[in-house]
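Some structures to go through are shown next.
In the two assemblies presented below, subunit A is common to both, partnered first by subunit B and then by subunit C.
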Partner chain A sequence: MADIVVIGNKDIEIKVLSKKQVIDIYMGRKSTFPNGQAALPIDQDKDSTTRKLFYHNLVDKTINEINAYWARLLFSGRAVAPLSVKNGSIVIDMIKNNKSVIGYIRLEDLTDDVRVLNHVD
Partner chain B sequence: MIRRKKIRPELIILSITFLFSAELPAIETTVSNFTINGFGTLGLIRSTDKELGFRETISQKSAFDKYDFSRNSDVGVQANYYATDKLDFGLQFLAKETYKNSLDKSIQWAYINYKVNPKVALRLGRVSAGAFMMSDYRHVGFTHLWTHLPTEFYGAYPVKAIDGMNLMFNQSLFDGLFSTKLWFGRTNYDIYGEVASKVNLDQVLGTSVSWENDIWRLKLSYSQLKARVKNNTIKSLEQELQAASITGWPAAANFTDLLNEDSIIRFYAAGVTYDSSNWLIQSELGLVNTDSILNPGTVSGYLSVGRKLGTVTPFILGGWSKAQDSRLIMPAPPLIAYIPLQQFSQYVFNQNYTAQNTLSIGARWDIQPTIALKIQWDKTWVDAYGNKLLDKLSGAVAEKRQLDTFFITVDFLF
Partner chain C sequence: MSVISVAILIASISSYIFFERTYKAELEQNLANIKQLVQAVSPTAAIATYLEDMVLGKEVVEGIASNDLVKAVELRSEHKLIANSGEMDQLDDTNLIRFRLNSPFIDTEYVGELIVDVNNELIQTYAKNIALEHVVLITIHSLVLILVIMFLLKYQLVDVIKILASKLHNITPGSSQRIELPSKHVHDEVGLLVADINQLLNSVEITLARERSLRTEVEELERRFRGIFEQTSGGIAFITNEGYLKVHNPSFERIVGSERMKRLDADQKESLFSVLGTDALTLQKAAAQALAGTAPVSVDLKMSNNEDIGWLHCMITKMVDDDDVPILEIVIQDVSERRNREHGFKIQAELDPLTGLYNRRAGREKIQHQLDAAEHLGIEYALLMIDLDNFKPINDQYGHKAGDLVLTTLAERFTQHVRADDIVIRWGGDEILICIKQKNHDLDITGITQKLTNIIQQPITLDEEQTVIVGASIGHAIFPLNGFELDLLIQRADEAMYQVKSQVKANATVNHL
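Right after this comes the complex of A and B.
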């Protein structure tokens, strides 16, 4: 099974995130990093295997369960689902250009342009 | 004289949906301060009883023993605008078949949300009342297992939003999120039936506390409100009973108090959800206390157990609702001349009695990431006269009854 890593901008103060901190951000419970800086999570494409693996490893949920979860939050006005982008390259590009953005990619797609904040396994 | 056709709000909403749906991606959106998302259900119902018919809430008519595509179908569209990190706006429309539908009723949310800080938010406008676990998303079929919410629990009070305000507070607690909410406002709904009424709810005041992590959700809530039932038939009946109490039936005065159009209603509710990789179990209990025969107090609840088997989750669901007090029986009047009045009074009292249980068996199949197909069979047992939650062809049914209702739905997000 492919390793999934959570990545952020290289210039942010945060060096590492715990699994719980990643869950809090990706499940809409927190909108900031532990230091109070805004955190903007992004998802990969809804049909992406990477996305499926990420949520399976993170919270042991299927994509349908995640979609139902976000529908519950969105349509009750509580929160908005993470922004979605096509693939890992775009995730890296967005993170390079915005310190608030946090995303996930396969370990094999990792480059030196970003910082690994957590291994999700 | 030219008669103009009233524009049906459902058509407006469907038009907006089709206008945007071709351009919209699925639930996810690209970077934007303005987002539009939607949900919907296409549902088929088939009941088997000619006199008692299933309905999701008391604000609906039933199709009784005909195949019906409209009553369990809906479509909703929600727009959000995030002006700044602290200020955002929300607007949600819902197209659904209900009694005396209107554009105003179609607006589910219309609010300004201000984040005082990351933990506290104040919302003004048409906002959530949120008394029960699923109140805020009761129309979003994709969010739950069943083809419809448990009628015994959600059917008697078809209210989701109030015009007013709410204050929300969130705080991390253990490995989850603790939330509290306060709300205050007003709203109204219509009851369809032999004694159709409009119910105005004023001074709606409530609070809830909840905690959730990836597996558990817990919620407790309390709310109270002042209800006023507007119905000319009841008003006339009250006046007739008052007059009778003076002219030869003194005991009739006891019943005019019970027909009080104003009543204070208090809701107590508790709910729990367990959602693991193999099981989805959910239960709620509710207690409603009132001082009016027109809105009698009830004890209600449900328990649902679902077993996850890949993309299919079969489930079993039990719901129950029972009036706290026995059905009110009006004694025989002292004079024969008052018998018609006594019979009509009893007829009105009978419309508001609840004693109903339902056992449901069904399954949900997640056929696509944003599409779910569901089937469900409800077996409902109703005590004599205990059919307030059901639609009735001609008044409350005087004997115990069992009825079967079958559902097929497709729930989707867009």
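Right after this comes the complex of A and C.
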């Protein structure tokens, strides 16, 4: 089973995120890092196995359940679903260029360009 | 009527119980409904609380509040009121239901709570209404049932029984009347009852008929026995130990006589023993003997009725009456006639019919008895044989009647002149034997002979006009002087008499007056 890592920009203050913090950010509860800086989560492609694995490891929910969660919030509230990108390399790219962005990739796709904030297993 | 009051009582009690239970159940149901409602929306509520999303929260809260039974709802996160609806009465905590909300993603993490203020008054009202409605329905249902049952019962059972009862009431026990079995009841309990009643009537009829015939029999028997008791010639009476009369039959009265009966029946009753007079003691003894033993005791009693002497043959038997008290049954028969007849026989056997003197046989026996006794007592007896002279001529001349008269007259004279122990016997046609007892060796045979001659020679009146005089020859023999054997003595006396006869001739003179 491949591990998933949550990554962020190398230059941000935050060195690590707890599981709870990751959940809060990805599920729309928090839009900032613990230090108050903006946090923008991005998803992988909706059909990707990485995404599936991520949510499974994170909250033990299926993609459908996550979708239903967001569907409920469609007409209310400020919470919005994370942006989705095609693949892991795009995730890295976005993170390299934006300090607010966090994302998740497979461990084998990890490069030096990004910081690992959390191991999701 | 009591059935109805019991039914009403039961209905009331069960209505009350039913109401209470329904009410409570409704309350619980309503509360459960609210809880279920909240359960249904709690995931969404959790999300709303987790995100502190007021819009979603409002949606949730209003969904809950739309229920009539909810007065107010509050959705709170740890620090914030997310959404609410209605006026919540914070002071009264009893109506509030709190639901803890956990993070949709970390189910141990508390994110907030949902507070529901339940409209208890409304719930209670609803519950009461439903309970009441149910109770009313049940009551109506029961009433209808009762009415239907009563109607059916009355029609099917009560009326049938009334008819049965009146039919039975009109039946006389012992008659051949029976109850007709209604066709539609042949196979049910009513049919059974009728069959049993008829069977009972059967046995009653049989029993009564038997009793009747038995009674008739008994009455017949009683009549016969009474007839026997009343009409039998023997006198039957029941007396106590002391001889007091208890029951008697008419023959008893007749035999005992009315005088005595009065005394027996009087207020101060006399005992039978004393009333019969002479032989009371005999009777008493016989009674005692009967009481002591088991066999009947017979006794003859002499009863004197003023001038007559009667004889009663009594048989006394010990009996036991209904109460086990010993009682005496006495059966009496008037045997005077028989007794007298026997006496008569005796007389006939012993006496000469004409003169009343002993006849030869009996007289001889009597003398023999005396002689047998005399041998030991030192007593002398003189046997005097008297032969009448000229007896035959009188018979021839004046007829047998005259002759008889002579004999009877002389017999009378002899009897009057001898003593009690002397025996006068008609020895033959015109022969008389007299046995004279003499004590103390005082025998004056000559004197006796002379005396007898004088007696004989007294004139005898035949009728108004005629008298005769007879003579006699007298010979004697003396015991024990002249012998011990009676026959020998008689022979000697006879010889002596013939001697006198041939020596002295007595002439019968007939005097015409």
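Throughout what follows, the second predicted complex is superposed on the first by the 119 of 121 C-alpha atoms of A that agree within 3 Å, B and C clash if a C-alpha of one lies under 4 Å from a C-alpha of the other, contacts with A are read in each partner's own complex, and residues count from 1 in each chain.
What we mean here is this: contacts are C-beta pairs under 8 Å (C-beta built on N, C-alpha and C of every residue); 3 or more make two chains touch, one makes a residue touch a chain.
This is a predicted model, so every value here is computed, not measured.
Visitor: By residue count, is subunit A touched more by subunit B or by subunit C?
Guide: Counting residues of subunit A touched by each partner, the higher count goes to B.
Visitor: Touch test for A:Ser89: subunit B only (first), subunit C only (second), both, or neither?
Guide: After superposing on A, A:Ser89 lies clear of both subunit B and subunit C.
Visitor: Could you say whether A:Ala68 touches subunit B, subunit C, both of them, or neither, answering first, second, both or neither?
Guide: Once the two structures are laid over each other on A, A:Ala68 reaches subunit B alone.
Visitor: Which partner does A:Thr111 reach: the first (subunit B), the second (subunit C), both, or neither?
Guide: A:Thr111: touches no partner chain.
Visitor: A:Ser76 in the overlay: touching subunit B, subunit C, both, or neither? Say first, second, both or neither.
Guide: A:Ser76 contacts both subunit B and subunit C.
Visitor: With both complexes overlaid on chain A, does A:Val59 touch subunit B (first), subunit C (second), both or neither?
Guide: Both subunit B and subunit C are touched by A:Val59.
Visitor: Applying the touch criterion given at the start, work out whether A:Met27 contacts subunit B, subunit C, both or neither, answering first, second, both or neither.
Guide: Both subunit B and subunit C are touched by A:Met27.
Visitor: For subunit A, give the residues common to its interface with subunit B and its interface with subunit C.
Guide: 20, 23, 27, 29, 59, 61, 72, 75-78
Visitor: Given the complex with subunit A, which residues does subunit B contribute to the contact?
Guide: The contact residues of subunit B facing subunit A are 25-31, 35, 37, 39, 76, 78, 80, 82, 85, 90, 92, 109, 111, 113, 118, 123, 127-128, 130, 136-137, 140, 142-144, 170, 172, 175-177, 214, 275-277, 311, 366, 369-370, 372, 413.
Visitor: Residues of subunit C touching subunit A in their complex?
Guide: 44, 47-48, 50-56, 59, 104-106, 109
Visitor: In their shared complex, at which residues does subunit A touch subunit B?
Guide: Those in contact with subunit B are residues 20, 23-24, 27, 29-32, 38, 43, 46-47, 59-65, 67-68, 70-72, 74-78, 80-85.
Visitor: Which of the residues in subunit A end up touching subunit C in this complex?
Guide: These residues of subunit A touch subunit C: 20, 23, 27-29, 58-59, 61, 69, 72-73, 75-79.
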